[in-house]
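Some structures are shown below for you to check.
Paired with chain B in one complex and with chain C in the other, chain A is shared by the two complexes that follow.
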Partner chain A sequence: MIRKASIALAAALTLGTQAFAADAPAEIKIGTLYASSGRYASISMPVHSALKLWVEQKNAEGGVYVKAFDKKIPIKLVAYDDQSNTATAATLYNQLVTQDKVDMLVADSGSVLTAPAVTIARDHKMFLFDQTGTGASFFSKDNPYIALMADPVSTIWPKPVADFITHDGPGLGIKKVAILYSTNEFTGTQANAVRKFIKDSGAPIEIVYDQGIPTETTNYTVIINNILAKEPDAVIHLGYAPNDIAFLRNVQDVGAKFKMLFCIYPGLETELLEKNVGAKGLQHVFTYVPPQELEYPVNFGMKMSDFKKAWDAKYKDGKIEFGFNSVAGYTTALVLEKTLSVATSLDRMELRKAVFSLSGKLKTLDGTFALDEMGGQIGELTPLGQLELNEHGHIKFVSIYPHETATGKPVYPRP
Partner chain B sequence: MPDTLRHYLIIAVPLLIVMAVLPSVYSNHLLLFNFVIFFILAQGVNIIYGFTGYLPFGYVGFFGAGAYGFAIMVMHLNAPAPLAVLVGGAVAVVLGLILTPLLRLAGAYFSIANLAAALAVLHLVANPALEQITKGPYGVALNGTFNPTMAYAGGILILALTLGIVVYLKNSSFGLALQAVREDSFSASMSGVNVVKMRTVAWLASALVAGLAGGVFAWYVSVFYPDNVFSADFSIFAIVFALFGGVATISGPLIGVIILYGIYNLIGFTTPQYFQLIYGLLIMALVLFLPAGLVSLATRRGWYVP
Partner chain C sequence: MLYPLVAGVLFGLYFSLVGIGLNLVFGVMRIVNLAHGDFLMLGAFVAFGIYTAAGLDPLVGIPVAFALFCVAGLLLYWVLVPRLQRARDPEMLSFILFFGFSQVIEALTTIVFGTSERSIPSRQLASSLAGIRASLFGGEATNGPFRIFGLSFPASWVVAATVSVIAIICVYLYLYRTRLGTLTRAVMSRRDEAVATGINVDRVSAAAFGIGLGLAAVAGVFAPFMFGSFTPAFGIDATVTSFVVVVLGSLGNPLGTALGGVVYGVSYMLVQTYLSSWADLLPYVLLIAILLLRPSGLLGRRVRVA
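Up next is the complex of A and B:
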């Protein structure tokens, strides 16, 4: 009897294994969009290029390990060019879902090009791997089909800046703060967050200037004089790269000496800013410290130095900038890979469960991957740093806050 | 058979039936929906440019105003989506009324002023100080009304209305008077045509269809930023499609959308790396050889194009 049962069990297992292997797809289809031209090309191409680099690497190794089929399976990247056009992006996302029937859906970079994907993913009950769309409106308790991979959600991103001002600021003599921001979702939400963190802290900090201006603003001369008239101890400028370039140039033109000046993009697109503003114009400017300046310990994927080597080998011409956005793209790739290695099926909700199971445990070159309950990224925070000149007159980062990651003391007031 | 009925039967009705049936055979519904939106917008441009000669570079202002009219009704008054779409259209008409003085300008001056007006509306909507009303730059998420199927049906109805307006303009004395105004407003005025009234009605009709299209677009996509619905791409595409097919006709803008937007998506799905090259060459060829649009191939030979 026992023998018969053993034979039956063995036969069942054999058949089961055969069926399991037969069910495994020839490739895992990952669908995504990129913008080769238009307003978002500069952030989209580094992210997408990093994703492509990872796909090539993994396919050269025979694919990625997929737990659902207990084997390595090659990846097929299905990518369309939305050219920074949101209506086109919407159509192409739908194409990926309905026609290409991709296994995993990855959004383009930035909130504006991610927005159409949020609706489509939800409509088709498809889990969306949101690369850098930090918009707070994407993440709600009634939308389980999204998680942010690589940038902190806008509502917490500027926490290190606000914490530095409220914790260390009074000791340094910072009492009055000016906030100038471009009126778009990304920088508008950061301004809201800074304001909230400062007010909630109860620190003796007064916001003496708080002004939103159109993102298209190119001349800040009058605005800078208005800020100077308020005599702030710290100025926080929140804008896109072109805003930062125009603002910092005008600060030099006017000869304004702000005691502390924070801008976002000197940290995120350093080469671009150094080229357009000059190293002198960036000296002593406070900014976010990108992960490539910090070398976080990793428990999955390449270390920063190895990633840089792989990047330089693949993109020899240097036309696509290595930096914050390329790290974001590679981080997304690592989350995809790790998700496939723990998900027991490719079912949407199983993918979600797998992604959330990585929260707090996955440590990549971008820091610790951590999600809140709605899928917003709350790890991977970018510390506050200050730009100084090295012995060759080039820009170098000095991490200032939080103190655990600090590599130096702030230069305050700016000489 | 009267021309009006014939135009309905050979152009409007078949197009509406095809667009209504296509979702059951092709699953990229959003692509079909975008076709419907561009049919409406290209015809909206046709109404104001084809029949009056005003080229609206800022046409997207009405579209965006309609989208935000929809959003505000849903967010603050919990209005049902169809009513909110109608309000979107009404908001665009009100905006059109406010901008009526622009019609005193002509040619490039009107186009530039219209573009500036659309940007002004964008910055008004995206103003953080209006966060409580428009959500400012932070984006709108209208999860409660999300219903792509009904929104698509709404789009078909608005397309029917738009085609109805264009067929009327093509076949009525009103449309003829508008074209007279376009050719020579002074002579038309001397002939008893009320130039100001004619232009204003066409302007508001054009605003209405764009506003309704914006409303139904907001209903379909449900999550968007000011930059999404005020994107200049909408204006550019609608104008290029209308010009490519040929304005002041019923079929021209439709042909323009089918060919150009069809090619746009075909290239986008197959060879995106050649997109700018192919599309650019196509538009250059149009400007050089067919400045009056594709329909001029037929009209040059004396053939009638509806």
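Up next is the complex of A and C:
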């Protein structure tokens, strides 16, 4: 009897496994957008290129392990060019969901081009792998269809900057702060957060200048003159890479010397900024310290040094800079891979469950992947640092705040 | 108040240079070159190439870019424009044709150079002139900020504004002091009558097209300094702003562009000072306002001939 039952069970298992394998798709379709031109190309192409690098690597190994089918399956990257245009992006996200019927939906880089995906994913109840869209409005308790892969959510990202100003600032003589930001979801949210942190701290800090300007601004000469008129002790400029390039060049051009100047992208896309602004123009600028400078221990995927080697081997022409966004793209890829390895099906809510199960456990070259209950990234934090020149005249990072990760003291006021 | 006014005049003079080529082409041929901004972007690449490959002052890019794109304009004219002129509605068809051309230029430039921002250190512009000044009068051979009324402005803006004024004067001299210029004005005034009087309209138009593209490329030489950086996608924005400047001054009147540029520049700087979040809307607001209040432009005739 037992023998018969065992045979029956073995037969059932065999048939079951066969059916399991037979149902497996020939490829896992990952749908995404990229911007090969326009304002966001410089933050989109590194992210997309990193994703492509991972796809090639995995397909060369026969694909990624998909637990739902208990086998390795090749990946097909379905990617369209939105040309930095949100209207085009909305159409193409729709196409990925409704026409291409991708298994996993990955947003383009940056909050501006992620915004249309958030709405579309939610409408179609499709889980969105948000690569670097950190805008606060994307994450809410009533939207379970999103998780942020690789940047801290903008509501907490600038905390080290605000904390440095409110904790250490008064001792250094910082009393008046100017905030200049580009009016988009990403930097607008960061500006709101900085303002809130400063006000809530109760520190004797006055915000003497607080202006939003269009993201497309390429000329800051008059604005810099207006800021100078307020005599701030610290200037916080929150913009995208082209904004930072234009702003920092204009600061040099008019000979303005702010005692403390914070910008986002000198830390995130250092190669690009150094090429355009020059090492001298970045000296003493405060910025975020990116993972490339921190060498986090990893439990999944390549280490930073290996990833850099793989990047340099694939993108030899140097047309796309290695930086924070390339690391973000690769981090997204690792989360996708890990998700497929733990999800028991490709159902949207099962994917969500799998992604959230990685929270606090997955350690990549970008730091510890950790999500809050709304899908906002709270693990991959970037300390505040200051850029200095080494003995060869090249840029180096000095971590300033929090004190436990500090590698040096701030240079304040800027000489 | 003084700072935005002076900055606006400098900035605006540069925009006169940005728009004057577009207006010359429209004035002579009644076609709208929607690829104008892309030629500007290519001019920026010429300056970038001259600086990075040869280490020369980007000012050297001015004659190089002008000559290069004048010739390109002449060749392009003979390939595209006569066919366009034979169409029933060349003005409308030119929109489509040059829009397509703009896309092709942007795509090809992206393939060749990539998408990243590029720029040239500001102090390199007119570094040769600074060197001559230093050897003659002493002091540092660098271009620091330039002081006007005790206020500090980027030296590159002053250089760009000066070159723009020289270019506008050259266009004026070409139009009013040369035989080809006189013929150009005749074609601008009445193309059909110019044909009837035996003027070689194609030759005149080809010259205007070449000069128009050449001026766009010269404006492009300054783009890395005026806009912080440039990418292959930079052309579309430049075309829109050029169009606003041209319509403000007067479509078909190249010299009106000088006024249009200054009005645009001063308005932009004032809006940036007092209503900074709205600065982006300015070109469109100005365009709507001028079309509603004075469709012929600030220096235009009451009835548009085109």
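Operating definition for what follows: the second predicted complex is superposed on the first by the 408 of 415 C-alpha atoms of A that agree within 3 Å, B and C clash if a C-alpha of one lies under 4 Å from a C-alpha of the other, contacts with A are read in each partner's own complex, and residues count from 1 in each chain.
The rule is simple: a residue touches a chain if its C-beta (ideal position, glycine included) is under 8 Å from a C-beta of that chain, and two chains touch if they have at least 3 such contacts.
Computed from a predicted model, the values in this text were never measured in an experiment.
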Combined model on chain A: chain C and chain B, fit or clash: clash
Which superposed partner A:Leu362 touches (first chain B, second chain C, both, neither): neither
Partner chain(s) touched by A:Asn276 [first = chain B, second = chain C, both, neither]: second
First (chain B), second (chain C), both or neither touched by A:Ser36: both
Partner chain in contact with A:Val298 - chain B first, chain C second, else both or neither: neither
Which superposed partner A:Gly212 touches (first chain B, second chain C, both, neither): both
Partner chain(s) touched by A:Gln99 [first = chain B, second = chain C, both, neither]: first
Chain B versus chain C as contact partner of A:Thr221, first or second or both or neither: second
Touching partner for A:Thr189 - first (chain B), second (chain C), both, neither: first
Which of chain B and chain C A:Ala115 touches, first, second, both or neither: first
Location of chain C clashes with chain B - one stretch out of 93-101, 147-155, 183-191 or 219-227: 93-101
Overlapping contact positions on chain A, where the chain C interface meets the chain B interface: 36-37, 83, 183, 212, 214
List of chain A residues in touch with chain C within their complex: 35-39, 41-42, 45, 83-84, 183, 211-214, 216-219, 221-223, 225-226, 241-242, 245-247, 249-250, 252-256, 272, 275-278, 317, 319-321
Chain B residues within the chain A interface of the complex: 27-31, 34, 37, 123, 126-129, 135-141, 143, 146, 148, 221-225, 227-228, 231, 233-234, 237, 264-265, 268-269, 272-273, 275-276
Footprint of chain B on chain A - complex, ascending: 36-37, 80-83, 85-88, 90-95, 98-99, 111-112, 115-116, 118-120, 122-123, 135-138, 140, 142-143, 183-185, 188-189, 191-192, 212, 214
Sites on chain C touched by chain A in the complex: 3-4, 7, 11, 106-107, 110, 113-119, 121-122, 144-145, 151-157, 226-229, 231-233, 237, 269, 272-273, 276-277, 279-280
